Structure formats: C-alpha cells, structure tokens
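In the two assemblies presented below, chain A is common to both, partnered first by chain B and then by chain C.
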Partner chain A sequence: MGNLIKTNRSVPIVLALLAGFALLVTVLSEAYGSGGLSVSLTKTLGMTVCLCIIALSMDMVWGYSGILSLGHFAFFALGGYMIGMWLMYARTEDVIAASLAQGQLPATPAELNDAIAVQIFGVVGGDSFPWMWAFSHSLVAQLALVVLVPGILAFVFGWLAFRSRVTGVYLSILTQAMTLALSLYLFQNDTGLRGNNGLSGLQNIPGAEAIPQSQISIWFLWASIAALALAYVFAAWVMSGKFGNVIRGIRDDEARVRFLGYSVEGYKLFVFVVSAIMAGVAGALYYPQAGIINPDELAPIASIYLAVWVAIGGRGRLYGAVIGAAVVSLLSTWFTGGRAPDINLGFYTIQWVDWWTVLLGLGFVLVTLFAPKGLGGLVDLMTRKGEAK
Partner chain B sequence: MTRLILAALAALSFLASPVASQDAPDAPLQTILQTHHDLVESASRRTVQTVLDDLIASGLPEVPAFLERWQARELYMRQSDGRFVYVQDEDADPLVLIDIDSGAEIGTAGSREVDQLRANRGVQTVIGAALVQFQLLSPDIATRATALEAIDRAPEPDQMPLIATMLEAETDPDLRADAESLLLRMTIAFGEDEAERVAAIESLAGRIDVQTRAALNPLLATRTGVASQLPEDANIAAVLEPGSDALPRLEAYDILVEEGLAPAFVSADDRRETLIANIEDGQIVGIQVHSLDNEEARIAAYAALVEAGLAPVSPTDEEVDAALAAHVFYEEYREASAAVTSAAEETVSAINTRVSILEMVDLSLDGISLASIYFLAAIGLAITFGVMGVINMAHGEFIMMGAYTGYVVQTIVPDYTVSIVIALPLAFAITFGAGVAMERTVIRWLYSRPLETLLATFGISIALQQITRQIFGAQARPFTAPDWLAGSLSFNDVVAISYIRIAIFVLGVLFFCLLWLILNKTRLGLEVRAVTQNPSMASSMGINPDKINMLTFGLGSGIAGIAGVAIGLFAQVTPELGANYIVQSFMTVVVGGVGNIFGTLAGATMIGFFQKGVEWLNPSNTLAAQTYMILFVILFIQFRPKGIVALKGRAAEM
Partner chain C sequence: MSTLLEVSGVSVTFDGFRAINNLSFQIGAAELRAVIGPNGAGKTTFMDIVTGKTRPDEGRVLWGEKSVSLLGLNEAQIAREGVGRKFQRPTVFEDQTVADNLMVALKKDRGPLAVLLFRPTPEDHTRVEELASEIGLSDHLQTQAGILSHGQKQWLEIGMLLAQEPRLLLVDEPAAGMTGPERDHTTELLKEAAKTRAVVVVEHDMDFVRKLNCKVTVLHEGSVLAEGSLDHVTSNQEVIDVYLGR
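Moving on to the complex of A and B:
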C-alpha cells in the first residue's frame, strides 16, 4: 500500500475526498442528519457515483490499454439485470405468497412458482420461468452472476477479438455491435427478461419493506462510495508497477511489446475482463437506485457517452475518469432537470432542457480539439507535473 | 296449419282478383305475379323462391329489371284491385303509377291507396341470388365481374350451371379466366362425380394463387377420431400414436374421456377444486387443511376423499396406458372420397414446392433490396471511413439532413416528381457543404488521432440531431414518394417487389458505377488515392493534400445526403433517422473490407442476404434477425479481420 501511494499520489487524496463526501451526505441526509438532501437527490448522487465506477473501468481499458470499448454499458446493464432478477423475484414472491395465503388451501411450491411466473412474465405473455431465471431465488447466486456474466461475456468477446488482433477503430465498432446486438436481443419479448418492459420496481428491497427509502437511499450511496473507493484503489494498484508498465507499453506500441516477448493478448484480455466486472458491479449498485432497467440502457449511444465522459475528464489518469463522469452527468441532470435558468435573448429563449444536448455536443468537439488532456489537464497546470506518462 | 290458412287465403284472393285474367294476354309478368299474389305481397325468405322460380322459368325480358326494382323496394300494390305497379316519383302526390309490363302510365293514386312492398333483408338476399344469373349474362362487363365476385364470396352448388352458361358466351379473356377458375374450384368443392373432381384438382397443379390454395385446403381438413378398431369406411389420413408430438399422451386420454370411453383423469387443478369443496371446519375428512402445502399431501387427502366416497376415482397411470392401448387414434379427412383427398394431397404438395421455390426468389429480391439500402447508407462512409480512415459518427446525420431536405423541398414544390428531382442535387449540395465545413473546422486537426475523431464527430452528431429536433420537432415528417414509385411490381401471387425498392437498387448501382469511375478513372480519384496512401509523398508530387481531403470528405458526405433522400422515401423522417443506420453502416464497411467500394458492395450484399435469410427462418421476428446478423458480423470479423475484400500489398499498409 505504501508503495502504491508513492507511485500514484492521487490515491490518498481521492480516498480522503470520498470519505469527506460520505460524511457530508450523511450529515445532510434526511435519515441521519439535517435533511437538507432530498431522497431523490441522494439517489442521483448514488447513481452518479456508480457512473464514476464504470468510467473508472472504461479508463482502465481505454486510457491505459488503448482499447476504446464502445460497449461497456452492456456489462453495466448485465450487472443490473442480474441483481434485478433477484430483486424482482424475491419481491414478487413476498407479494404472491401473501396473496395466496388468503386462499382456502395452502399453496404448494409448484403453485407458488407458477403464480410468481405469471405475475412477472404475464406482461410479455409468458407463464413460466425462462432458463436464465434458474437461480433468481438466491441472492448469493445472483450476486455471483453479477460478476460472472459480464466477466464471461468480456472474456469470450475479448478472447475472440484480441486473438484475431482486431484493434483500434475496428475493435470499437465491434464492441458497439456487441452492445447493439445484446440490446436488440433483450428487446424481444420472448428472450426471458421481459422485453422492452425491462425489470421494474427494483427500488423495493425484499425484506426491507418497513425501512423508509430515505434510509435505503443513503445506504446505497454509502455502498456506492465504498465501491468507488475500492475500485479506485484496485485500479491504481493494477496499473502501478510492472503490470501497469506493460499495459501502457501495449497502448503506445503494441507490436514492440509483443516483440519483447510479452503475451499482449493475455494482458489485454485481463484488463478487459476486470474492467467488465467492475462495470457489472457498478450496474448492480446503480439499478436498485434507479428502480428500473430496460434494454434501452444498452443502446450504443450510452457507451459512447461514457467514452466522452472519460475524454472530458482526461483519460489515462484515474481521477480524470471520475471527475469527467461526475461533472458531465451531474451537469446533465441539472440542465435537463429544468433547474438551469433559461436565457432570454429577446427574440428567442434558450431553454436548456432542449439546448443542453447541443451545448454538450459542441463541448465534446471543443474538448477534443483544444484540451486533449481533458479536465484532468487542469490538475497538471496546478501541479506542473503529469501523473500518467 | 298456418300454411293451410295461407294457401286458402291465396286461393280466395286469386278468385277475388279479376285483373289477373283480364290482363293475361298483354301482361304476362303481372299474370305470373297475380298467380302468387300473396307470396309477393307478403314475401318471406322461405316462400319467395316459388315466385322467383316461375319468373325465371317464364324467360320474360322484363324479369331482371323487375327483380332489381323489387329488391330495391320500388314495387307497389294498388289496394283497389291488388295490381302490382311501379311509381314514377315516390315523393309525388298523387303518385303516378307505371305498368310493370309495358312501362306505360296507368293513372294516379294517392299515397294511401297503394302499398309499398318492402322486401325484407332475407327476401332481398334471395332475390339477389336469383338476379345473379341475369347479371352474369349482362352486356355490361362490370356487372358480370361483380356477379362473379359475389358468387366467389359465397359459392352454392346450384350456381355451377349458371357459370357454365356464362362461359359459353363470355368474350373477355380476363373474366373468362376468372370464371373458369371459379368453376373449377366449385367443381372441386361440390362436384358429384369423383373422376371429374380429381381431374379438376389435378388441373390446378402448378397454380400458386391464394384462391387455388384456399380451394384445395378444405379438402385436406381432418378431424381426430378414436375407435377400438381402425374404421374400414373412413378416409384415414394418418394413424396417431399417443405420446407422440402430434398427440401428447394426456391429450389422447382427454379425447377418450370426451368420447365417454374412459373415466376422467383428475388433474392437479381438479384435485384442488375437489379438496376445497370438501373443507369442513378447517379439515378435510379429518386431515388438517394447513398440512396440505405440497402435492403428496394433497394426493393422500384426495385418496381419503375417494375412500369416503366423496370424490371420483382417478385412473392410475397404468389404467391410462391400458385405455390408450385399447384404442386406436387416427386423423380422418372430412372429405369422404379417398381418390379426391390423395389427388388434393399430391397437388397441394406440388404447389407447396413451387411456392417455396418462388418464396426463395422473393426472399432473394428482398435481400437485394435490403442490401441496396445498406449499401446506400454505407457508401458515403466507404469513402470517408474506408478511403480516408476518418470515423465520422455524424455520417448518419448527413443522411438525416438529406431526408429533411427532401421534406422541405416537398413543402415548397408540391409536385412529388419535380420535388425529388430538385431534392437530389440540393441534398448533395447541402451535405457536401456541411461535410467540407466539418472537415475544415474539426476533422483536419485530428487526422493523427482517429479515435478522437470519433468523439468529436459524435458531439457534432448529437448536436445536429438536437438542432433538427428544435427546428422540425421530434415527430415524423411526411416525405412522400411520387405515384409512379408507389405500388409494386408483382410477378405472381408470391413474388413481388415495390417500385421504390427497385428505384433504390438502381440508385445503388448508379452510385457504385459513378464512384468507381471517379476513384479509378479521374484525376481527382488518382489524387485521392495518392493522398490516402502517402500524404507527404503526394504533396511533394504537387498535390495539395488539404484540398484533396476536403473534396473527398465533401464527396462522401454529399453522397450520404443523396442516400438520405432515397431512404427518407420509405423510412420515417425523424431526427433519429440517421442514428438508426450508423452502426449498421460501419459494420457494412468493416465486413466488406476497408479501402475500396467493392468491399462495401460485398459487405452490404452479405449482411442484407444474411438478415433476410434469418428472417425467413423466423418470419415474425425482425429484431432476432438483426441480432443474429450482428452476431454473425462479430464472428466474421474474428476470422477475416480485414473484411471480405482485403487489400493486398502497399495499399494494405495504411
């Protein structure tokens, strides 16, 4: 750890800031503090922290390894779907068991199962559980799947792609195709995850009906902050030392590293899979706060936005990704939430709800053209010394 | 009894009507009607046929016109003498009466002195059926066609001679073909003679129209039957094995139960119902209800009920099997004649083979047209991305701008043909300008950083989309194809292709030839290739790389604009139009092989055909087809990372 702090001086600063942030939100929270922070704002902050985690994972593959993945939200959403299956199953089970208890005969396990299936899948015309719900009754199994499903998908995809030496733009387009294919697949009603209805009611935690959302939301915010801190330390640790050097070497000149005798494919695959798992965990924390997940979340555009956050924050430096995701997504929420003051030009009123996207788009262009180091470049200006070479 | 009274009344009225005999020589129609006076006056669906038969048998030339007026409720009866008349103008007062035979005016009457004979709906139908035979022989071709269609909707066996009569005189070839086809189908359905029917069925071989198939299919309708022995006289289609896919075990047993050949099987649901019905004070024959939370306990409780005589015995599995083994299940044709069904079977299978071959042809046409759409959407990218290596995420928005150009031109120029002729070059000019502007301001600074071009152009893409939404709104805008592009070219009932798809195919071919010529046969093309292969070498040869890059990017963007006009004609013109095509376009270029337009053509063809092929396997689901298409592309790239048409030698080094 001491070594890690020496090689990446941002780690203690970021950890301290996160701790301060956690303390601040607790003091302001409705459940434990003054109540200055509304439940919905708490959730927004919690979700933003999750987005910071996936931005961090994106930075690992793009900023450090040079793999521009335009499909990272596929992993994020899969993590969400995996936890969502348990949330939805367990909650429906509670409701159905309560309603069946009113019946004249106690329900058999088969009857209970059928009734839950009809409740969940009736909306897409189904009446039995698809195979992929085999473990949905078990929280432990679904938590394992949160890690396994994105991990295995990333492993298979990465193994195929890196082995064939698909790189650069081609890889970006392939990852984009992957998330598009997955999203189209999930949009079908008969594929087992409720088609375009998605999974809903995820904010209701089974067994915690008595606990108010004001408490649950702050717990999720704490969990998200803790996860971000862990992810940050982990990413910093992976990218420090020899492993990090090789990875950066691959980014800068893949062929040369290969000629030096390193298994380039293995390194890339490792980073890709680890990053996908991080994204999956972030998704599993995000969607219970969002309350609903549907295949729109996997649309290619979401993953492009992710790349843009990292670019704006400054890629190749972990805190850059965090800053980028936090700043852009919070600004987006602020502008599109109708809270930003409209500008009256006399002949035309600029309503930010509409014009924010235009501003954002032009912002990307300007950042790409004039600030290739992103917001993280500002830190360089202050410290006069770059973090990542 | 009623009939007797009616008959007596009829006889009385006959006696009481002096008009009848008096007018007989010069008024034959009136005479016939007066013979059946009461049946005409109070016509009913069941009795009116007698009158009609006599009228038709008389062969009088006035009969068709009379029937039409009767059907249209234009027939009146004079109360004073019971004479049937028409009136000249039903709103006039007094009414001017017209003789039904001669058409001459025969005096006037107040509206209270005549009764209008309002034929009810049932009578109208019967009269209509009788009218058909006259309409079939009508000199007016439209009337004949309508009558034929009416028969086709609800054919009756006794109409067959009518059509045969019509055919003797019919001269119009189309109508004749229709009538022959209808007669053939009616022969199949109602024919008395087996050989005749078989011959008719066999003569249909090779016909693929829907009507033929609809005529043959009822012959092959079956019903499931069960018996202890296979019946000798039935026309058996197949013997079913209980427990097979065609007849699951419990379904077979249910048939036995329905036929009363076996005791009912008590399903889990039935058991539950019976148990609930027998609950007394929280107990069922001494068993606590709350203990019945699993299937075994319920079975035991049910057995207790059976023992107590409160529920029917459920057959055991062995008994079910024994009952099934004791009976034979079969599919029996509803049609009794085996010769007819086997002929129909053969003909239908021959037709099906032919239809499936034609479906393949149709599918290929669909594949070609989908490929042309992908090609059109991707061809601009083939230049900007394929040749120059610039990832332009705003390419889709150039397509969208092209489509909106078409829409705007159409709001100004109302003539659809002219507006498209104007829109095509205008769209090129606009998107060429936009492309050049984008290249000059953004892209030229990023040639060394291709992945960042992606981000910058993505920014432009979402900004353009949002600006379009601000100007035109989020809902789809109408951009209509001219009439000569509407409709479709149909070769037969199975193979058809819409003209707009043909137009897109032609446009795709044109673009392909044009671009090939520009890139390979012109000075500009030479310079483009030089600059993309080695900019510094090219510039030392006196080529201005800045200018060439600008022109190339403009060309690719301009072509996207023209493609947008074409795509806008069949797709919804919305701000998201281009975004829907962008990922597929990139895949088309990548699969085809970067760097030349032959690759894009190959990529579009492969993707188009693959997607249509999957849709053919699972027709209801285009989402699945797209999913598998993308998966296929991902796998394809693994095995051929450079695409179908991979450049070799120095060009591949770029």
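Moving on to the complex of A and C:
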C-alpha cells in the first residue's frame, strides 16, 4: 500500500476527496442532515458516482491497454439486469403474498409462483418464468451473476477477438456490434427480460418498504462512493507495478511486448474481463437508483458517450476518467433536465435539451485540439508547477 | 560445436513471390554471425520465420539440444524458449523510464497473475543497474526512454534483449543511423554478447560487418549464396555480381 501511494500519488487525494464528498452529502441529506439535498439530486449524484466507476474501467481498457471498447455499457446494463431481476421478483413476491393472504385459503407455492409470473410477465403476454429467472428468488445468486454474466461475456468475446488479433478500429466496431446485437435481442418481448418495458420499480428495495427513499437514496450514494474508492485503489494497484508497464507497453508497441515473451492476448483478456466485471458492479449499483432499466441502456450511443467522457477527462490517468465522467454527465443532467435557462435570441430560441449534444461535441473538439491530455492533463500541469523543478 | 538453431529446406511465398527459397542455415550455441544480402534477399523474412511471426510453407526450424520444432509455437512462446529479437527501428517503450523498460524485460515468470503480484527484489534492481552500465545508460535510469537519442534507444533495446537472457539474439541492422563512436560501442556489445550466446546480425553496412569480424552468410533471392569469412565471401564472383558489384 505504501508503495502504491508512492507510485500513484492521486490515490490518497482521491480517497480524501471521496470521503469529504460522502460527508458533505450526508450533512446536506434529508435523512441525516439539513435537507438541502433533495432525494432526486441525491440519486443523480449516486448514479454519477457509478458512471465514474465504469469510466475507470473504460480507462483501464482504453487509456492503459489501448483497446477502444465501444460496448462497455453492455456489461454495465447486464449487471443492472441481474440485480434488477432479484429486486423485481422479491418485491412482487412481497406484494402478491400480501394480497393472497387476504383470501380464505392460504395460497400454495405453485399458485404464488404463477401469480408472481403473471404479475411480472403479463405486460409481454407471458404467464410463466423464463429459464433465465431460475435464480431470481436468491439475492446471493443474482449478486454472483452481476459478476459472472458480464465477466463470462467479456471472456468469450475477448478470447475470440484477441486470439484472432483483431485490433484497432476493427475491434471497436466488433464491440459496438456486440452491444447493438444484445440491445436488439433484449428489445424482443419473448427474450425473458420484458422486452422494451425492461425492469422497473427497482428503487423499491424488498424488505425495506417502511424505509423512506430519502434514506435509501443516501445509503446507495454511500455504497456507490465506497465502490468507487475500492475500484480506484484496485485500478491504481493493477496499473502501478510491472503489470501496468506491460499493459502500457502493449498499448504503445504490441509486437515488442510479444517478442519479449509476454502473451499479449492473455493480458488483454485479463484487463478486458476485469473491466467488464467492474462495469457490471457499477451497473448493479446504478439501476436501483435509476429505478428502471430497459434495452435502450445498451444502445451503442451510451458506450460512445463513455469514450467521450474518458477522452475529455484524459485517458491514461485514472483521475482523468473520474473527472470526465463526473463533469460531463452532471452537465448533461443539468442541460437536459430542463434546469438550464433557454437562450432567446429573438429570431431563435436555443433549447438546451436539443443543443446540449452540440455543445458536448464542440467541447470534445476543443479538448482534443487544445488539451489533448484532457481535463486530467490540466491537473497534471498544475501539480507539476507546484513541484517546481 | 553443438548446433543451437537449425533451419532446413524452408520456403515461404507471399502472393506468388518466393521470399525464402529452400533456405538452410545453422548456428552454434556461442557464435557471432553476420547475415548480409541485397534488398529483398529475405533477411527480415528469415528472422520473421525464426521468431514465429511468419509461418513457412515448408521446411523445418529446429531449436536447442532436444531439437524442438519452433514452427508450432507462437511469438511469445518462442521468445520464452530463448530467442530475442531486435527490430530495425529502435523499439522501446517510450512512455516509460529506462529502468522500467529493463525491468519489464528481465527474465521472470511472464504470466499475468505472476506479473500482477511481482515486486522487484534488490537483486532485480542490481541486475537492472548492471545492464544499464553495460549499455552505457547508467546515468539515464530514470529518463523517459522517449527522449533518448536514436543510438541510446538502440542500446536500450539491446539491453532489454540481454535482460531477457536469450540463447539466440537476432539483431536487425543495429548500426543504422549511428555515429562512428556509437557504432564501436554497438560492436563491442554484440561481440561481448556472442561470447555466451548465439548472435545473428543482419546488416547492410560492410564496414560494420568487417568490425564484427565473424563468419558471414550471404543471402540472395531467399537462399544462401555463400558462407564463410568476410574475405572469403567478398572474393566469391557470384557475390560480387549480385551484391557488391552494384
């Protein structure tokens, strides 16, 4: 750990900032503090923290390993779906059991099961559980799947792609195709995850009906901050030692690494799978705060935005990814949430809901031109000056 | 003298062009060898075959005392068998320090998990310092490799190869773009390395080859045209016709 801090001085700073942030939101929260922070804003902040985690995982894959994945939101959403299945099942079970208890005779387990299935799948014309819901009654199993499903998908995809030495833009296109295919598949009503309806009501935590959302939202924010802190330390540890040197070597000169005797494919696969798992965990924390997940979340555009965040924040530096995701996604929420005042030019009114993407595109171009190392690069510049050689 | 590498009857064709034509080549366990030949003679393709980058259409490439075939192995496996390769263009990790470059190359377990848990021991640091002094970069251990001069990068890459402790070193035009004193240093490095291992130097520059003072193999149109001392091959009429006479 001492070594880690020496080689990566951003770790203690980021951890301190995260602790300060956790304290600040608690003091301002409705549940534990002054109440200056609304529940919806608390949730927005919590979700933003989760987006910082997937940005970290993207930075490991793209910034450090040079693999421009344009499909990372597939792993994020799969993590969300896995936890969503348990949330929806357990919550529906509670509701159905309560309503059946009103009847004369106690319901048999089979009746209960059918009633839950009709309640969940009625919207897509189903009345029984698809095979993939086999473990949805078990929180432990679904938590394991949060890690396993994105991990296994990344392993199979990565193994096929890296083994065939697919690199560069071709790999990016493949990852894009992966997330698009998955999204289109999930849009169908008969695939078992409720088609375009997705999973909803995820903000209702089973067994915690009596606890107000103001409290639950701050718990999730804490959990998200803790997860980001862990992910940051983990990523810094992985990238600080010789492993990080090999990985950056692969980014800069794959052939040299190969002729040094390192199995380049194995290393890429390792990082790809680890980052997919991080994305899955981030998604599992994000969607209970969002309350709903549907196949739109896997649309290719989401993963492209992720690349934009990391590019604006500065790839190849972990805090860059965090800054980029936080700044851009919060700005995005502000501009598209109807809070930003429209600008009336007399002959034309700039409505930010529509014009935000233009502004983002412009920002992306400006960063690429004038700060190629991103916002994180500006931080570097300031700290270097502070050191004064 | 025991044979370390034996290439026999190897041919390879790219889109109908026969880059290597029934090539046979042998090198002993501790030997310095220069490979010369005009452009397109197949020098680089020969290296590609030995290091696993290119698969030959026919022929055998046998390695070591047990005569293991290298044809079934990939580049990384061949490198772990003990074949080091220096590229023509200096190829180092420019973003990393000289010490990091050498540390990555040190002969250690190459598996991802072993590397993840790797922490350098004092011996590893000593070894890195020794290598740096051997290649004349002791004062630059913490320098980013990207800002080294061309010659220094070439030496760093040779140092990385030595760190790998290969039994065979394939070196592609090491003296290209070097100044006189830099060449002399490079010559010394290669001669020193060849005392304990096999070193194959592909080179265009006859003066440099003369300084290496070793057995020479002349390639032409993908096969061996002549082999022997430099004076022997340069007096060969065929060699003069295809290569030196031009």
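As a working rule, the second predicted complex is superposed on the first by the 383 of 389 C-alpha atoms of A that agree within 3 Å, B and C clash if a C-alpha of one lies under 4 Å from a C-alpha of the other, contacts with A are read in each partner's own complex, and residues count from 1 in each chain.
Rule of thumb we're sticking to: contacts are C-beta pairs under 8 Å (C-beta built on N, C-alpha and C of every residue); 3 or more make two chains touch, one makes a residue touch a chain.
Source: prediction; values computed, not measured.
When both complexes are overlaid on chain A, the residue A:D252 reaches chain C alone and has no touch with chain B.
Once the two complexes are laid over each other on the shared chain, residue contacts for A:V123 go to neither chain B nor chain C. Of the two partner chains, neither chain B nor chain C is touched by A:I13. In the superposition on chain A, contact of A:A110 is made with chain B only, not with chain C.
Judged by the touch definition given at the top, the superposed model places A:A97 against neither chain B nor chain C.
In the superposition on chain A, A:V156 contacts neither chain B nor chain C. In the superposed model, A:L24 lies in contact with neither chain B nor chain C. Touched residues of chain A, counted separately for chain B and chain C, are more numerous for B.
In the superposition on chain A, contact is made by A:V238 with chain C only, not with chain B. Against chain B, the residues of chain A that register as touching in their complex are 68, 104-110, 157, 160-161, 163-166, 168-170, 172-174, 176-178, 180-181, 184-185, 187-188, 300-301, 304, 307-308, 311, 354-355, 357-358, 360-365, 368-369, 372. Of all residues in chain A, those touching chain C in their complex are 3, 238, 241-243, 245-246, 248-249, 252-253, 255-256, 258-264, 266-267, 270.
Of all residues in chain C, those touching chain A in their complex are 51, 74-77, 79-80, 84-85, 87, 91-96, 100, 103-105, 110-112, 115-116, 118-120, 160, 164. For chain B in complex with chain A, the residues that touch the partner chain are 268, 272, 275-276, 279, 289-290, 292-295, 298, 389, 391, 393, 442, 445-446, 449-452, 454-456, 458-467, 469-470, 579, 583, 586-587, 590, 621, 623-624, 626-627, 630-631, 633-635, 637-639, 641.
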